[in-house]
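One chain, chain A, appears in both complexes that follow, with chain B as partner in the first and chain C in the second.
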Partner chain A sequence: MTFQLFGQLVRLLMKEKMQYRGDFLLSAVAQIISYAGDYIVIYLFIKRFDTLAGWNWPEIALLYSIGLFTYALGASFSFVQMSQLEGQVRQGTFDTLLIKPVNPYLYLVSRGFNLAYIAHITISGSVLVWAMLQLNLHWTWIQYIYLLIAIISGSMIHAGIMTMIGAMSFIWVRSSYLFSLFFQLKNFISYPLPVFGTVVQLLLTVVVPLGFVNFYPAAYLLDNDTALMPAWAMWLVPLAGPIVYGLGYRFWMFGANKYQGAGG
Partner chain B sequence: MDIIAANHLTKSYRQYRRFPGLIGSVRSLFTRQFTEETAVNDISFTIGEGEAVGYLGPNGAGKSTMIKMMTGILVPTAGDIRVLGAVPHEARKTNARQIGVVFGQRSQLWWDLPVTDSFDLHKTIYQIPETKFKQNLQMCMELLSIHEFVEKPVRQLSLGQRMRVEIAMALLHEPRILFLDEPTIGLDVMAKDQIRHFLRMVNRERKVTILLTTHDMKDIEEICPRMIVVNKGTLVYDGSVEELRARLGNERRVVIDFREDPGPLDMPGITLLQEEGLRKTYLVSRSESTVFELVSRIAARYPVEDASIESADIESVIRRLYRQLADEESIGRQIG
Partner chain C sequence: MTPYIMFMTKSFTSQLAYRSDVWLRLLGNYFAILIQVEIWRSVIGKGESFGVTIDQMITYSIINTLLVALLLHGVSGKVDGSLKSGSIAVELIKPLSYPLYLLSDALGQTLYKFVFTVIPSLLIAWLLFGMLPPASTVSLIGFVAALLIAMLISFLLGYLVSLLAFWFMSHFALSWTLGGLITIFSGSFLPIWFYAPGWEFAARMLPFQYLGYVPAAIYLGNMSQVMLWQTLLIGLAWIIALLTIVQWLWSRAVRRLIVQGG
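Our next item is the complex of A and B:
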């Protein structure tokens, strides 16, 4: 797997998408409208209370935008690839991946690189910038770099979890119900963690560490309360992504091995 | 040197028991009851460089499983397999550069893009040098007449055109072995012919070792001097096509049109197979006398209008082999 190969794959994927330009644009617009709806719902909700667990509207907008932005980045490398893996395993098309002189995971992920997430990126990126302007932040360059790292790390958390779910296709053949479970959990991180009880907070910190995607970095950046975790939890943010993604990759390779019959 | 060597190779799948209903699906997660199904059972053979071997057997005989083990997709349960001197699943990536694989029913092409794009991508994946790539592409495109549709999106190609493209692509990186899993399935006669001629040339002139599975005996006849027959996971025949024909093909069918019904024929060594009015089909075992002699003897005694002798084509030879295997099995079951 080389950059040259990845570049060529992206070129072909763009060419492929352009075959159905209208369809692509229409679905992008539909996505943007649907997420704009989500923003509006949260906005109306907050308006009634002014703040939610001490977070005002622009702060929540920032929190939600980091969540959506990182989801889009992570999902472009994992969602369709992993949710379709189940079918590929059942129909045997997964085999064609194993006869190529490349790492099967990297090839699968790049071959399915999904340009459609440009819609999510556009809307969440715009709202993120708007929220940062509204909040009148006086950040040093350290905080900007921290935000960048948090975004990369958050994307890796999303991609890592979806990779793990995809790997279930090798073991249980069916994995789709786990995806709906994941999306349910992902809904929680639209709001600051202290809104929920301790159980949910623990769940999203320790079991499925989606809290590290947006809540902990945003709480640090905005100097808000970090709930269960002490303030130094922010330093776990850059680590959480690589750890979750690394585990996801290992688990996926373990699953692929099992599929081949080497895992016993 | 043997390019492929299988030594007491076995592959069995575990089929976990599933329980019906919602409670059942939860139960399936915890109780791990399974039945073991043996797809390949203690098979040994070797294939030399440059050979062309047909691997056949009825559906479910374990042909695809065998190809998957040779290409490194699956790991054997027991026994030993070596391809190009290495264990395929361990040397999966290095072996991949030296083998070509065509799955008749699983396309590796980009559905919505012109054929050329799939070729170009293959070049990058296999890191084929420019001049070598151009040469091989030129050769394949010419011999498989791909020129006419190379700029068309794959979805607009006929099945025959698509299969030609799949085969061409599998050869672009100059593999030493070409594996084909049912390459002619669903194709028309013309497309089959072209593919057979091409594969024959690839094997004879370019010295690429070929191993193919098929249900079409003509594929074997035209491409593979040697065949391996498997049934229910076990190897039942490994040898030349002629030998099998000699072993099993000592019977021929004779169709005779009579002018009037002769009644039962009083002739040794023939059995009536089928009767359609005055046209009767007989089975003649050749050991008794030559078929021609027998027919002329019938013609001398009975009112024969016309007679034709059907040669034992490989298809009927194989059919006989399968039937014989099934018979042996039912006898075995009766005794056991």
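Our next item is the complex of A and C:
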């Protein structure tokens, strides 16, 4: 699967979506309303209590937006693809993927590339820019590049975890409840980690490293309390994404190699 | 009445196939409650803030997290599925009331969740976080009434969305919008009394508060007796209003229905 082929695929997917232009736009607007709801509730909360664990409204908005933005980027390459894998394994349609002359993972991920996350990207991107303007940051170019790398790395963490969960379909045949558990865990990172106890902080740093998606990078960039981690750990942020994604890919390929079919 | 009870038992027993998911559901509820409890602890501390104690906020969070399992607006997804597959034609031929069939099917699933998720989660939450008892006998009665109102209003809202989908043909967009409105105005995370004035006014004017804030506030005894009965009566009025709208839309929607193959 080359970049050229992927570009071609995205063009075709665009055309497919634009066939039902009204529905696509309506769905995007509805998703924006829904996520605006989350922002509004947090805004109302901070308006009443001023700060949460020392973070004010624009800082929380920045934190939440990085989380949502990276989720959308990661999920466009993994969520629908991985959550449908369960059904494909059960029905036996997954076999057709294995006989194609391309890497099955890359084919699955790019064929399912999901343009619907444009709504998530739009709202989280806009709020992110708004929050950065509000915070009146005096950043050097290093910090902007760090933010960019953190966003790429965060997307890879999301995609890596979802890839691992998808690979569970090969082993357990069921994976949907792991997805709902993942979304429950993901709710933690909508708020600064120091709000939670040490166990949760360890869980989100070591076991399911969602803390590296938005909390650690945002805390370093804003000079806020970084909870468990020392200052040099900010350089772990760019590493976390590739490591998690690499592990996810290896695990997925391992599962696909063991795949024998589940009847169907 | 018997066929509806049969539908309910059928949907209850079909859920039993997913027993193994119970553990994950319990863990999910535990996480959801933990997040809210930690947030309230971090802003309220051990004492109280704006006249509300931490124990009250913990109880509020537990009630609202578990209340989600009882809400029925998910029915719109079922109607959407039948619309897309065309099986709605077969469902309409049956000598049954379609909305009552939907309600009994949803109630069966809710009953399953109540027995296997809500009750064990309640026990776990009560042991780990502590939960206040209802403020008084009146609160308890009012709370149970409010739960029934919550179930009916959520069902009617979901049904309304599925009927609107006959015109807009986009159930996805409608149900996400409904979800957003519930997030903002139900007060299920942030009680409405903490809202900024304009937002508070809007939330109190809309039916979504019955899906989160109202039952929990009644349980905690945060309303005077007069206000309690008033709130419940307005809830009933919402049910009647939604019923009227839904009936009217239904009579027009059926005429619009064209099944293409299926």
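As a working rule, the second predicted complex is superposed on the first by the 259 of 264 C-alpha atoms of A that agree within 3 Å, B and C clash if a C-alpha of one lies under 4 Å from a C-alpha of the other, contacts with A are read in each partner's own complex, and residues count from 1 in each chain.
Please note the rule applied: contacts are C-beta pairs under 8 Å (C-beta built on N, C-alpha and C of every residue); 3 or more make two chains touch, one makes a residue touch a chain.
Note that the structure is predicted; figures quoted are calculated from it, not measured.
In the superposed model, A:Leu12 makes contact with chain B only, not with chain C. When the shared chain is aligned, no partner comes close enough to touch A:Arg21: not chain B, not chain C.
In the superposition on chain A, A:Gln4 makes contact with chain B only, not with chain C.
Judged by the touch definition given at the top, the superposed model places A:Ala30 against chain C, while chain B stays out of reach.
Looking at the shared chain after the overlay, A:Ile40 reaches chain C, while chain B stays out of its contact range. After overlaying the two complexes on the shared chain, residue contacts for A:Thr96 are found with chain B alone; chain C is out of touch.
Ranked by how many residues of chain A each touches, chain B and chain C are led by C.
By the touch criterion stated above, chain A contacts chain C in their complex at residues 22-23, 26-27, 29-31, 33-38, 40-41, 44-45, 47-49, 52-53, 177-178, 180-181, 184-185, 187-188, 191, 195-197, 200. Taken together, the chain A residues at the contact with chain B in this complex read 2, 4-5, 8-9, 12, 15-16, 19-20, 91-93, 95-96, 98-103, 172, 260-262.
The touching residues of chain C, counted against chain A in their complex, run 21, 24-25, 27-28, 31-32, 34-35, 38-39, 42-43, 49-50, 168-170, 172-174, 176-177, 179-184, 189-190, 194-196, 199.
The part of chain B that touches chain A in the complex is made up of residues 11, 29, 68, 71-77, 89, 92-94, 96-97, 99, 101, 103, 106, 108, 110, 112-113, 117, 120-121, 124-126, 153.
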